[in-house]
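Some structures are shown below for you to check.
Same chain, two partners: chain A is paired with chain B first, then with chain C.
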Partner chain A sequence: MSELIPIQLPLWQMPLLVLLPLALPAVMIAGLRRMVNRRRIPEEERDWSIPPLTDGDGKSLLHRWDVRCKILTILVYSFIIASLRHPEPAAVAVAASLLVLMIARVPLVKVLLRLLALAGFLGMLLVVMPFTVAMHPGDTLLVFGGVNWLGLNLRGLTLAATIAAKAVAIALLMEPLLSTAPLPVTLHGLSRLGVPEMTAQMVLLSYRYLHVFRHEARRMSSGMQLRGFEKRTNLATLHALANFLGMLFVRSFERTERVFDAMRARGYQGQFPAPAELRMHFTDVLISIIWISAGIALIVYDRIVLQG
Partner chain B sequence: MHDIHKSIPWPPSDDALVSVKGLSYSYPNHRKALTGIDLDISSGDRIALVGQNGSGKTTLIKLLCGLLSPTSGEILYKGKPLPDHHLDRSRPEIGLLFQDPDDQLFGHTVVEDVAFGLRNQGLSRENARHEALHALEQVGLEKLAYKEPHNLSYGQKKRAALAGVLAMQPDVLLLDEPTANLDPRQEEIFLDLLKGFHGTLICISHDLFFLYELCERAVVLDQGHIHHNYTMRDLVSQRRSLREHGLDFSFRLVVEPPAHLPDSPLPEDMQVQTPSIPDRAVNEKLVVMRNYQYCYPDGTFALQGVHLSIHAGERISIVGENGAGKTTLLSCLIGLRRGEGDYVFDGKPVTKSSRKDLWRHAGMVFQDCADQLFCASVREEIAFGLRRLGYSRAECRPRIHQALSMVRLEGFEDRVPLHLSGGERKRLALACVLAMEPRLLILDEPTAGLDPHGEEMFLEILGNLRTTILLVSHDMFLVKELTQRTLVIHDGRIVTDLPTHVFMKDESLSSLNGLAFSYRQRSSSAIRILQHEHEHSHLHEHLHTHRHRHGELEHEHPHEHAHEHTHRFVHRHTGDQQQHDHIPSRYHDHDHPEHGSESHDHSHPGIMPNGREPRD
Partner chain C sequence: MHISDGVLPLSVTIGGYAAGAVLTAWSARRTRSQDLPKVAVVTAAFFVASLVHIPFGPTSAHLLLPGLAGALLGPVAFLAIGLGLLLQSLLFQFGGLTALGANSLMMGLPAMVCGWFFQTFKGRTSFRQAIVGGLSGAFGTILAAVILAVLLVTGGEDFFGVAKIALAAHVPVIIIEGIVSAFTIGFLFRVKPALLEPSFVKPVKSVHV
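Let's turn to the complex of A and B:
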């Protein structure tokens, strides 16, 4: 086992070699954020992160794919990606995800929005990890201006990049998974795969009533504001907030009862009508087999080819 | 007590669709909600279920559709007891429309929601969708079928909820406050839709004008008992009985001065009362907005080019259809939102920082008072704002007492706001605001959801206030009674600014912008006639023609004389007052049975009193 390999560099190269490469994605992210924000989203527009609720215009292969096969395949494939160890297969996984995006023909803006949600976390990882990763014998350290304690570990950078690539590859698949079928159908598929029906129903109703509760909370908050309420770090604020949350809970509970009554009044007996008839064909299974095989190939490449 | 105006009760039916026998229901805390209810409902009946808040109306309809099980007694639907196996088959035939459409629209799209009941009835997905679209077409929402319910306006949500019930083609339709919080145009649309329903209909509402248009039969509930079961006509015409049940809405039947009778001066109590402007309102401008606008993040203008000035002490109403921009204007006025343009409050420009202090000078009573009540006791609730104004606990005490007495809630200090009735909570919300002595009091649909008794009391309280009032309401009666000036807002602009009495007379304006209330005027006139039409016997003189006898001579000619007989008169009583005068010169046409054979001792040229012609 060899010792650490330090590479001494003048301090002026630090911005060039470290900060600039890190700043570039940051600028890209800021640009993306700006581009997305420029799309003025009406107050009442659906939250972008929520999957569509109705059938869209999509006619791609993924739209036609049986939802159960799709969920199961993408779930297994995601675990395979998460288990990769080397940056090369992780990069191949990103490329494969981009290919899936192209096949699914999902809106690019929504994909970017999902990536933006991850960007902060991944950016932090890329900045912190090269400087904080545990030193192993044989690691290459970039030391700027002789400041030894601030050595940039290239193995740490590779590790962070691999994690980021895996996260991006999986995040890119979320849009094809969730946007190529209406949410009720996806949840129906989940319950057919063994997830309790009640969970799926609760997810569906939560989405519908999130808006109602948000409006209620906003109105109550306005009511408090109009009587001079301001959030401060004192007991009175805590007391008022406790009252607010308590009242919101009571109102939510009462509404839950009324909604349940309304459902029963229209014949609900514990089961929502199936939103779609699920039929599995041979092609659905074939696509799953091909996809999982691709995942296995990645594992082989990662664990046998690169390890060897 | 109710025998004063006793009328024939609704006859029991042999072929009742729904038959309720000895029904009682107690809440889980053992408080009795309904006791000994006996009721027969025939197919095609249109029943108004009325009573004060908390009288058990909603509980009764929940029992009728099987959502609750009776503590004792039974409900027969088509001759079979409702619970058990029969309930599953009966439920799709009994539709229930809830008061709050958000309770009922749990689907993710409108069409999916409307199809929910149909799918539960066993229809295939395609058929259910087809039927749902048809039902949406019926209520005029076919273009919004694939919208998410939370993106609809309140009126549209109500109609979507109705479509969900109508799609199931119920035999019985139960409605809980179907027109609450709707603007007059939406109300009329709703009324027309319900008139088109041909099954059995049971409707809960505090709006007796609406019920009068819709129903033929009325069932009055009082503290869990059925007190009356008679015709709607009987209900609205018997004012004393209405008052005993807290349902007297006669204060709304304001009589306009009859233009065609200039010679008949109205008694003082019959003249239209216009609230007087307090002296201090002379020229002091409390609020000035110039070229004010507010834009939503999506670029839609909620307000544009608003010019508004409110003098201190003035009473102004803002009217307009749902979504016209009324609420946004209020939010800007009170500092919850900030638009662009000049806004001066009490002589000082409202800036980004000073708008946060507007709450010290302006108070608002919300449409749903539950939005502003969140404390554990009434005392705490009123003290909340006062404490933030800087008053000590000791200083708060007399102010709390004073505010409670202003809204007639003395002694309620330790009560829990959540446990108060709807009317009491509304008055408490007002007390919370009044205690802070606002210079501008904003009222957003203050009487929504109140029973007539609560409405009348609230109106009286508001009438006694001397502060500047800005009222937002669809209720034209309230506008007329409380305010002197009316602003019509449409599409984010103030399109009309008129004295209220002028606005009220301008039919083209009142029918504009969703303010049409023609059916209310129609039923108001009809009810006024019913309420104030009764027989009187008094001596009067008039000129008439009929055959009459003078001794042996019988002939016919116009003649004038005084006689006493009964008449049906249309006139107004003040309160419960029974003594009243009739307008002396009013014209009335009536029969005079047997009058022709009575002795007529008027003189005729050339005829003797005995009827014989004088001899030369």
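Let's turn to the complex of A and C:
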């Protein structure tokens, strides 16, 4: 403990230095959530039982990139990013992902939704880790008004920020990976890479019925609301929701049987027709090589330059 | 709670992928191959069920459903959960791409243990099935929380605090999950008891797994 570097600060600075930086993003995220929810309401008129399978008719570099190269490159690159250890290369990775996002020209609302989904977990890390990481010699500790047991360890904050940057860098790449080609084509690429054909089919089927059952669940819950059901923290609510889940399962299992019968009646024999013919050119491989090299450069920067 | 990208060390993410792949393959082998499309549709139902939010005081929790998935699907549950998490990570970013393997272990192993537990002890009466279902729901959530904590701790001693808080945050979910699972199993026993027999499992003749 003696080798820690404590920085004593008066108590009144605590709200300024800790609470404010935490509160600002929290308020921003809450505002964004509300905005997104409000935007969604008119969209509810849309039939959600039909998933949008046909995005990706843009003409950017990523739209033209061979889907096999794209999947493999982004997967390998994601693992490289996830293994970074220092904040600087992680920040560079976020910048690189933003660049990719600009090149791919994907709808920004969906990107924003992905980042919002991350906010809970990463926010928890950012709040918890500065106060709970192990004390190492050489750590800088911010102590407010002599409250010694509640020191804010700057190393913990850096660690949490690095993790957040890595998660954001990878999350930003998901839209360029998935919405620059129709989902069936992406899945076809996956099965051409050696993943069993059945996986692609199962993903497509669940994706489709996910929307159907969501629709069904929404109908059932409006029925419950019409009968005066209100969510509270009590046993009756749990009982009603449990029956709701049970009913959802009964209906969906029955529907499953009907769906499968209908598929067989239309001649399903374990295969869907291939959605597209894939062609790989030299430029596809070249982009992959450049991209992976960028990842390797980052890891070299991380492990050799910074670790000295 | 799902682990996002960038938290786990590289060896754990790759190990998670490898173990997840082996268990998924085993789970798929236990499924009658013509039933795989049905499993996909059923997965969608579980996915939607896990989106239901249960109010808890000022906040709300969503269900993890390892107990129900295990009870209704048996060994097929691992396949279904892996698929569900893949969809979740691809479409909504809950749980990262690189942490997918680890997340599938965290949710899939409890489901299989719960499935075994439920099928072994379920008995014949409605009351007993509901109680065993509730126990397996609660136990499955405890197991998932413990696996989550263990995975976080592989990141080194800096993550001990996070792991403890993650464990504590699961306590209300464990209670809610247990009660809801018990009620749902009771409901299914009254309405459609056939669902409580694992339906897609390949009959095993001589070897009992």
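Everything below uses one rule, namely that the second predicted complex is superposed on the first by the 242 of 308 C-alpha atoms of A that agree within 3 Å, B and C clash if a C-alpha of one lies under 4 Å from a C-alpha of the other, contacts with A are read in each partner's own complex, and residues count from 1 in each chain.
Quick note on the criterion: contacts are C-beta pairs under 8 Å (C-beta built on N, C-alpha and C of every residue); 3 or more make two chains touch, one makes a residue touch a chain.
This structure is a prediction, so every number in the text was calculated from the model and none was measured.
S.K.: With both structures placed on chain A, which of the two partners, chain B or chain C, ends up touching more residues of chain A?
M.R.: Answer, by number of touched residues of chain A: C.
S.K.: Now for A:244: first (chain B), second (chain C), both, or neither, which partner does it touch?
M.R.: After superposing on A, A:244 lies in contact with both chain B and chain C.
S.K.: With the two structures laid over each other on chain A, which partner does A:307 touch: chain B (first), chain C (second), both, or neither?
M.R.: A:307: touches no partner chain.
S.K.: Using the touch definition from the top, say if A:253 reaches chain B (first), chain C (second), both or neither.
M.R.: After superposition on chain A, A:253 lies in contact with chain C alone.
S.K.: Mind working out whether A:262 is in touch with chain B, chain C, both or neither, as first, second, both or neither?
M.R.: The answer is first: A:262 touches chain B but not chain C.
S.K.: With the two complexes superposed on chain A, say which partner A:227 touches: chain B (first), chain C (second), both, or neither.
M.R.: After superposition on chain A, A:227 lies in contact with chain B alone.
S.K.: In the overlay, answer first, second, both or neither for which of chain B and chain C A:212 touches.
M.R.: In the superposition, A:212 touches chain B and chain C alike.
S.K.: After the superposition on A, what does A:114 contact: first (chain B), second (chain C), both or neither?
M.R.: second
S.K.: Counting contacts the way the document defines them, which residues of chain A are shared by the two interfaces, the one with chain B and the one with chain C?
M.R.: 205, 207-209, 212, 216, 243-244, 246-247, 250, 255, 259, 263, 268
S.K.: Can you list the residues on chain B that touch chain A in the complex?
M.R.: Touch list, chain B to chain A: 62, 65, 67, 88, 91-92, 94-96, 98, 100, 102-109, 112, 115-117, 119-121, 125, 128, 146, 148-151, 164-165, 168, 296-300, 331, 334, 336, 359-360, 363-364, 366, 368, 370-376, 384-385, 387-389, 418, 432, 436.
S.K.: Can you name the residues of chain A that touch chain C in the complex?
M.R.: 75, 78-79, 81-84, 90, 113-115, 117-118, 121-122, 124-125, 128-129, 131-134, 156, 159, 162-167, 170-171, 174, 178, 198-199, 201-203, 205-210, 212-214, 216-217, 231-233, 235, 237-239, 241-250, 252-253, 255-257, 259-260, 263, 268, 270
S.K.: Under the definition above, what is the set of chain C residues touching chain A in their complex?
M.R.: Checking each residue of chain C against chain A gives 1-10, 13-14, 28, 33-34, 36-45, 47-49, 51-52, 54-57, 63, 68, 72, 83-84, 86-87, 90-94, 96-99, 157-158, 160-162, 164-165, 176, 179-184, 186-188, 191-192, 195, 199.
S.K.: Could you list, by residue number, the parts of chain A that touch chain B in their complex?
M.R.: Going through chain A, the ones touching chain B are 40-46, 53-54, 183-184, 204-205, 207-209, 211-212, 216, 219-220, 222-230, 236, 240, 243-244, 246-247, 250-251, 255, 258-259, 261-269, 273-277.
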